[in-house]
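Letters A, B, C, D, E, F, G and H mark the chains as written, and numbering starts fresh at 1 in each.
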Amino acid sequence: MNRMLVGIIMGSESDLPVMKKASDTLLQFEVAHEIRIVSAHRTVHEMISYGEGAKERGLEVIIAGAGGAAHLPGMIASVTLLPVIGVPIKTSSLDGVDSLLSIAQMPSGIPVATVAINGSANAAILACQILAIKYQEILSKLEYYRVDMRGKVIASAEKVEEELNAKKS
Amino acid sequence: MNRMLVGIIMGSESDLPVMKKASDTLLQFEVAHEIRIVSAHRTVHEMISYGEGAKERGLEVIIAGAGGAAHLPGMIASVTLLPVIGVPIKTSSLDGVDSLLSIAQMPSGIPVATVAINGSANAAILACQILAIKYQEILSKLEYYRVDMRGKVIASAEKVEEELNAKKS
Amino acid sequence: MNRMLVGIIMGSESDLPVMKKASDTLLQFEVAHEIRIVSAHRTVHEMISYGEGAKERGLEVIIAGAGGAAHLPGMIASVTLLPVIGVPIKTSSLDGVDSLLSIAQMPSGIPVATVAINGSANAAILACQILAIKYQEILSKLEYYRVDMRGKVIASAEKVEEELNAKKS
Amino acid sequence: MNRMLVGIIMGSESDLPVMKKASDTLLQFEVAHEIRIVSAHRTVHEMISYGEGAKERGLEVIIAGAGGAAHLPGMIASVTLLPVIGVPIKTSSLDGVDSLLSIAQMPSGIPVATVAINGSANAAILACQILAIKYQEILSKLEYYRVDMRGKVIASAEKVEEELNAKKS
Amino acid sequence: MNRMLVGIIMGSESDLPVMKKASDTLLQFEVAHEIRIVSAHRTVHEMISYGEGAKERGLEVIIAGAGGAAHLPGMIASVTLLPVIGVPIKTSSLDGVDSLLSIAQMPSGIPVATVAINGSANAAILACQILAIKYQEILSKLEYYRVDMRGKVIASAEKVEEELNAKKS
Amino acid sequence: MNRMLVGIIMGSESDLPVMKKASDTLLQFEVAHEIRIVSAHRTVHEMISYGEGAKERGLEVIIAGAGGAAHLPGMIASVTLLPVIGVPIKTSSLDGVDSLLSIAQMPSGIPVATVAINGSANAAILACQILAIKYQEILSKLEYYRVDMRGKVIASAEKVEEELNAKKS
Amino acid sequence: MNRMLVGIIMGSESDLPVMKKASDTLLQFEVAHEIRIVSAHRTVHEMISYGEGAKERGLEVIIAGAGGAAHLPGMIASVTLLPVIGVPIKTSSLDGVDSLLSIAQMPSGIPVATVAINGSANAAILACQILAIKYQEILSKLEYYRVDMRGKVIASAEKVEEELNAKKS
Amino acid sequence: MNRMLVGIIMGSESDLPVMKKASDTLLQFEVAHEIRIVSAHRTVHEMISYGEGAKERGLEVIIAGAGGAAHLPGMIASVTLLPVIGVPIKTSSLDGVDSLLSIAQMPSGIPVATVAINGSANAAILACQILAIKYQEILSKLEYYRVDMRGKVIASAEKVEEELNAKKS
């Protein structure tokens, strides 16, 4: 797909190492996407413009990563009707418990689809699963991905067993 | 929409009071859906059949509520490529912290879109937002819902101010 | 003081029973204030207008109460330079731990002065202490309040001792 | 005992360093066992086959290690009547609290015998204690193990005291 | 089975309402058992005698319930080689988190098979699963129990669906 | 401003690396301030003298950092009417959760304006926001700071986008 | 003993229902004591005077109860060399976790002997155990108390067994 | 004092680095003491003998360090009437929260005087404070220690201020 379907946003460049995995995963599924630094607290108006214009610009899902008070996913969700996936980023002091609660515990009316702490790869897969209800080619890639993933576990299982057997004999 | 688009599942009838709000909210958006009791632990094979057959039967999103060890959302997500929304149900001993962690902290490859503890109404809205990337009529209802929600806050704000002013004078 | 110096805001009427104590306390200090319902998520633009216009309208401190994901205090702090005091409201599922972390753990650049869970009375006193660096009459009232508070503890101490002695004899 | 009595399973090769200690401990007790990689989420059907066939293949206890959402022990317990011992594996973000709750907080009807975070050695000893109600030779080894363990503490105690006395004089 | 196979112990009569469910569940499986009040802290020597004599008296599994500092399961496990199942009892102040950690986090060498907070029914089922590796008749009862449990979920599922359909029509 | 307006205090020299950022930030805003080591527990009387004399010596805001039981901010707040900002310092064992709760959960009557764990830079900005209700020059610097902060996020956003685009082409 | 040996203090009359049990328990051991309301935050100087004069007035142990930020035990410990026992009082929002951490996590040099949340009876027994290293008559009472406590557990155990047997027959 | 007054015990040599500080601190106060490895779980009978014989052997206070399930302090307290000070040792997985709760949350009748996580130096000071109600020479040393501690804070304060002033000029 050439059209930008997913927007990956975060409040600061320091979140990029974690959020990069969302981009890498989308690339694997050949889903065009953009990465943006927009801060809920430092660039409020840009953040609102981003959210309000997202649908018009063709985006269909937004992935927002944030740590600590972690308002970005919830605020973006307030200014768009696109599904917003929130990635709680691990923090140095509270290990991301603060991020997780700040993202998951949204009030009635404005949900955020929360994934695991630092779960940006899963955020991308969830985005693909959402898009796959509409785009058959993404569904096909997900089907292949699942089969491949199962294959890797089985291969790893065989390798481990062989190694363990080799040790015994 | 007459076609069943959303499946709401839970492991036990005791989860129904919480999950009922997901159904009520979907009704509000006129999204046809089914409610099923399937237990990840007590009816494993039925749960797997449900997940594996969900897409074929026309479902496009699954909402799964669970409390405590809360394996249902994650296990269903393992056997379908439909987006799965997990509702952590408040538990008597740990207030739903166990449910939240058991649902949100999924391993790489199998995401669950987690909402707030007891956030079943938000799960339904998130389901609508996901469906709205494909169904224009659901998007329209969401737009109306947002406007209405904003209107209610403003009306409530005015009512509160009047009451407070009335007290002063 | 007749001029409105403090704005007390919250996202929903359901927060009023807790936040009412902030208003009652300000009344005790004869600090004119307003109470508003503005929601960070449901009325984003009204919330931003409120924050951006607060200083111009003469406010000098804002008290914002919020529960759960609790974005209101942090978002208001993003759109005003007035000091913002955040009151974490106790939630039904997580007892306000989520509210406390979502309010206190703000990123560098945008502080929120966080008080205890449900600590709206203390939020009002903190507002007075802030105003008192500028308004002598508020300082005087705070001085009296402290003396009075000390007096009440001492009176309570005496009452308790008398009662306990009465029982013995 | 030459017959395989214990199955040690985990969802990913990355869990092997922790779970290896269960194997080492069983070796110490000369209890034959197998190690398998089976994932509750990535190889659901293999996991179910493993659980359902475990008893027939002669296993009498299963040790399952898992981290994060940690569904493996509970899901295996759902498809076998053998006692299942769950080892919560320490996670990078939440230190294994998520693993512990996801494993211990199982619903009524399907228990998992949970040990300490990263407690795979203890899982093996528990497996031996369970087997020892049936196999006298394992009980004898456990008896020796206890005596030996006690001896080591006493020897360590003496060594420490000598060292401390040596320093004094 | 007429022989006493399971000992259910707790430190205080106040734990009886929770631990009673373990007894009721064992009765359901027709497993003879005894209930004893022995306190790790208040009757240390009786507790040790109980643990040390348990095997000789024919017991094969011990279920120990405890709340707060919850030393009973771990201490009993120190003085017997029988498998010990620990039931963390919900406490008034910390909801049983203290009990859960005090029971699960045992040091290497002395495992306790920990179940969910207040999970005494599951403790009994786990006891049966352990005994079933030796006693065919208990295994048969567990097989029936599982089938019955699955049947109840399916019946409940049908009832719920009928009720929901009835409302619609 | 040449007059000392802010006092930065901490109980031990070991807190200096964290609290230094409060001083650096105040320097950036050209707000004269002092740094003092006063311990609530080890130099009680000096601590009380410091708090009681603070206003007379011209201070208008106090920033107090503390870790663990973290009594300094609350005790200083008890002996002055100046607004006290508390900085919970990250601790080696509990990551600062203890510090955060000990500072935020103050009883009614004596508020402490709590910021994030290790949030000493934000404490300084909050101090400036408080002073800015009185001192126009500090308000001006805060306005510039906000504009600058927004500019930096936008610059960072552009840099990141360019880098990502460069990689693609 | 007629001389006042123990001081029981708390910051507010609302703590009396919990702390009363410390007094009742001391009465049981016939240890003369006083109960005082002194607040670390509201009556700082009275609190310091109390602590500094405690030894001279003949006290030998102080029991201090506090909830939330819970500074009283630690501050009293700072102004006396008498052993101070801290009772964390259960709070409405955080169940006393805040109280427990604020009391237990004291910095090096000023220990507080912390007991369980709401553990005021145990605080009194600990006070007696401390006094018993000096006063033989208190030791004798403690010895009797232990014997009696053991007797009660055994009596309760017998009663429970009889009741359970009665039901069976 | 030449007589052994304090026993420092721990369950394993691995606790020695933490508990060594208790010994070092007692040496500073010239309080004779012994260090012993006794395990509540691995050497139950030795542990009970130690506790039951402690008083007869002349000990007046026991300091017990333990991590994880941390039963040693509570079990020793069950078999002696000497005051027992518990040191929760920081654990690799749960940072000592498990140790803290397992030690502090003792049931009514058997208190343990709990200090901070890894607070073994404070345990020694608390032991001295307890002994000081009986031994004047220990009280004198504590008085000197407090004065010295206060002096060090003041010296450190002066050093820091000089350094900061030196930088400015």
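By our rule, a contact is a pair of C-beta atoms (placed from the backbone, for glycine too) under 8 Å apart; a residue touches a chain by one contact, two chains touch by 3 or more.
What you see is a predicted model; the values in this text were computed from it and never measured.
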{"item": "Farthest-lying chain, centroid of Cα atoms versus that of subunit G", "value": "A"}
{"item": "Inter-centroid spacing, subunit E versus subunit D (mean Cα positions, whole Å)", "value": "19"}
{"item": "Chain centre separation in whole Å, for subunit G relative to subunit D (CA means)", "value": "41"}
{"item": "Rounded Å distance, subunit B centre to subunit C centre (Cα mean)", "value": "34"}
{"item": "Subunit B, residues touching no fewer than two other chains", "value": "11-12, 42, 68-69, 93-95, 97, 104-107, 109-110, 116-117, 149"}
{"item": "All touching chain pairs, where touch follows the definition stated at the start", "value": "A-B, A-C, A-D, A-F, B-C, B-D, B-E, C-F, C-G, D-E, D-H, E-G, E-H, F-G, F-H, G-H"}
{"item": "Touching residues on subunit G, where the partner in the complex is subunit F", "value": "11-12, 40-42, 44, 48, 67-71, 74-75, 77-79, 91, 93-94, 97-98, 101-107, 109-110"}
{"item": "Subunit A contact footprint on subunit D (complex, rising order)", "value": "11-13, 16, 35-39, 42-43, 46, 68-69, 92-95"}
{"item": "Residues on subunit C engaged by subunit G in the complex (per definition of touch)", "value": "90, 95-97, 116-118, 149-150, 152-154, 156-157, 159-161, 164"}
{"item": "In the complex, subunit B residues that touch subunit A", "value": "60-61, 81-83, 85, 100, 104-117, 119, 121-123, 125-126, 129-134, 139, 142-143, 145-146, 149"}
